[in-house]
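Note that subunit A is present in both complexes that follow, paired respectively with subunit B and with subunit C.
Presenting the complex of A and B:
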């Protein structure tokens, strides 16, 4: 593979790092807590964001969402219907979000709502277990969602993203009886890859475990804004 | 996004096209039918390959597998245990397979088993709905697998790969009652994106629909080798 290595990655990544630092300063100024939501396609990023938004809103927080998709705006529409300010980014084929896209989206949120009115931004990344991990978006927390139907071996096969996560959510636990998901194997792999990050078992659509996850999240938000 | 466009993609892709053509000629010489298996992580690529292998073997065909993974060799081990010659490619973080990797894997299969003894090769691509679609691997057929738990909106959100597919499989139909999968919406989107490619509803682990898919596949293999 060495022959195809042209060093384009280093300048892109270092430019992205500068943008991420700029975003981080900007988020700190307005006291906005930012969560980069990562998973495969179809693991439940949008439904987890919607269910989390409900609980944070009940706690008095205003949440917005930045939706990253290859195409379509179905997720942004769903978030808008739930009353969240929503910015759609269509990556036009790119398999991850980058800092420059987030900067544009934040400009749009600032113009539309005012960043000082937004307590929390969920960034819903492109569904991909590989590429998004290399791109810091200035977030406070990267939240990785695996869903039960994907199988317990995913952390073994895509270790980078599980290792990188600040929190590991296991979603769709309500359908666990229909699948051969070995929770002990999943736990053992994460104990090895990323023992520090807390884990929550949830069903975003049924509500299971959402209170525990959200009360932990509220603590993180309070601590970051203290 | 224009500012980050450095034209590295064109030379890499055109080099890949040359490699793909070379691979295609090589597969034609030995009468080996090659299937590029595409899906998200956890949609059931490996279990579909194993269940398909069983039926093709019963029809007198010898199948091998090339496993593409970011890390680990759990899928290659599972295929080996099922008696298939298996070559593991670890992409070391790269989110898709490229022609040069397949060439090395085919060299290894040729050295180990002899390509003239292999009727069918399954290439299990990295679980990713975005990047693999740009890289022709010289295959006869690209088989896209969506699984019911991922949701009916995936073809809307990741249209490229569903459009590119030579066949669209819907896997894990046995668990459909536990999920809100709108089959009419899925069908309508595919009717629009890719009306030509046949579709099969399967459960690779339970066996549902596997005979229909495999008898169609056997016809394709016969036609290609005629």
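Presenting the complex of A and C:
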């Protein structure tokens, strides 16, 4: 009998990280800009995607969507009706999307529409403020959406996802008067937590702030594809 | 997070490495987990206790977790500073342009094995 130490030195999520790198190369080849949309359930991910799609389409871009949900294809249907190529992923019970799921969805988009014809893909992640953070999907941008009714304390309670975000959107600002949302507290938390990521206040359904968010996004897309 | 999935990945990697090394059993597996990760230690231990029994190689293996506290460097003034999960601004010059030095680890470091020879 002998005891010894064996070095491993491997990231636990190395398989997902390899898949993410593979996806990143694939997106770069076709010049497709990919946005990982994160939020809790009901904060308006689908509405924000639809409203953003309208503005990007007006700018001449073709957008597709990959929908991640525990069950159902409600969101994918809504996006299809808006004319977007849509792929639904049902995760069963899994609380986040992983690289292998995105690879299959991208294969399906490629077979159906052709990746070279898709300028932007929105990946609507499973509504969850914890698990999606650690799973790289090869995206260019992580867009975090908080909605006013959820409360200004969410970034304090779930710092990881707000810190991870490349942009923080505050949605449903049109209903702010009905809620006790402390905008100063929200701003102060993010100033320390993620000072570099831009912030936009929007109402996806009413259109408030959507032009500002979309012009910033268009600049990011142009820069990434240049 | 999804500690069951993490533990599953750790066990698979450990068992494969142990087989290649000709181990008769795994004594312990050491992970390094940064505080900036969404990992709950209690859930990790719970998943480990439940899942290690699935393979004789890991049935008695201990899980050792090194916790790594976050540290960043300011890209504006170069100061290095420790921080918590909520305050990432440079405490020296106030810049928000910082880069993580550590605190985001999620690695299998090594393991102790027993071999027949």
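The criterion applied here is as follows: the second predicted complex is superposed on the first by the 214 of 226 C-alpha atoms of A that agree within 3 Å, B and C clash if a C-alpha of one lies under 4 Å from a C-alpha of the other, contacts with A are read in each partner's own complex, and residues count from 1 in each chain.
We adopt the following convention: contacts are C-beta pairs under 8 Å (C-beta built on N, C-alpha and C of every residue); 3 or more make two chains touch, one makes a residue touch a chain.
All values reported here derive from a predicted model rather than from experimental measurement.
Of the two partner chains, subunit B is the only one that A:74 touches; subunit C does not reach it. In the superposition on chain A, no contact is made by A:58 with either subunit B or subunit C.
In the superposition on chain A, no contact is made by A:226 with either subunit B or subunit C. Touch criterion met: A:196 reaches subunit C, while subunit B stays clear of it.
In the superposed model, A:160 lies in contact with both subunit B and subunit C. In the superposed model, A:179 lies in contact with subunit B only, and not with subunit C. In the superposed model, A:111 makes contact with neither subunit B nor subunit C. Taking subunit B and subunit C in turn and counting the residues of subunit A each one touches, the greater count comes from B.
The interface of subunit A with subunit B overlaps its interface with subunit C at residues 1, 3-4, 6, 8, 12, 15, 94-95, 130-131, 156, 159-160. Residues 1, 3-4, 6, 8, 12, 15, 40-43, 69-72, 74-75, 92-95, 98, 100-101, 126-131, 147, 149-151, 153-154, 156-160, 172, 174-175, 178-179 of subunit B are the ones touching subunit A in the complex. Interface residues of subunit C, counted against subunit A in their complex, comprise 1-2, 6, 9-10, 13-14, 17-18, 21, 23-24, 27, 31, 36-38, 85-89, 96-97, 106-117. Within the complex formed with subunit C, the subunit A residues making contact are 1-13, 15, 94-96, 130-131, 133-134, 156, 159-160, 163, 189, 191-196.
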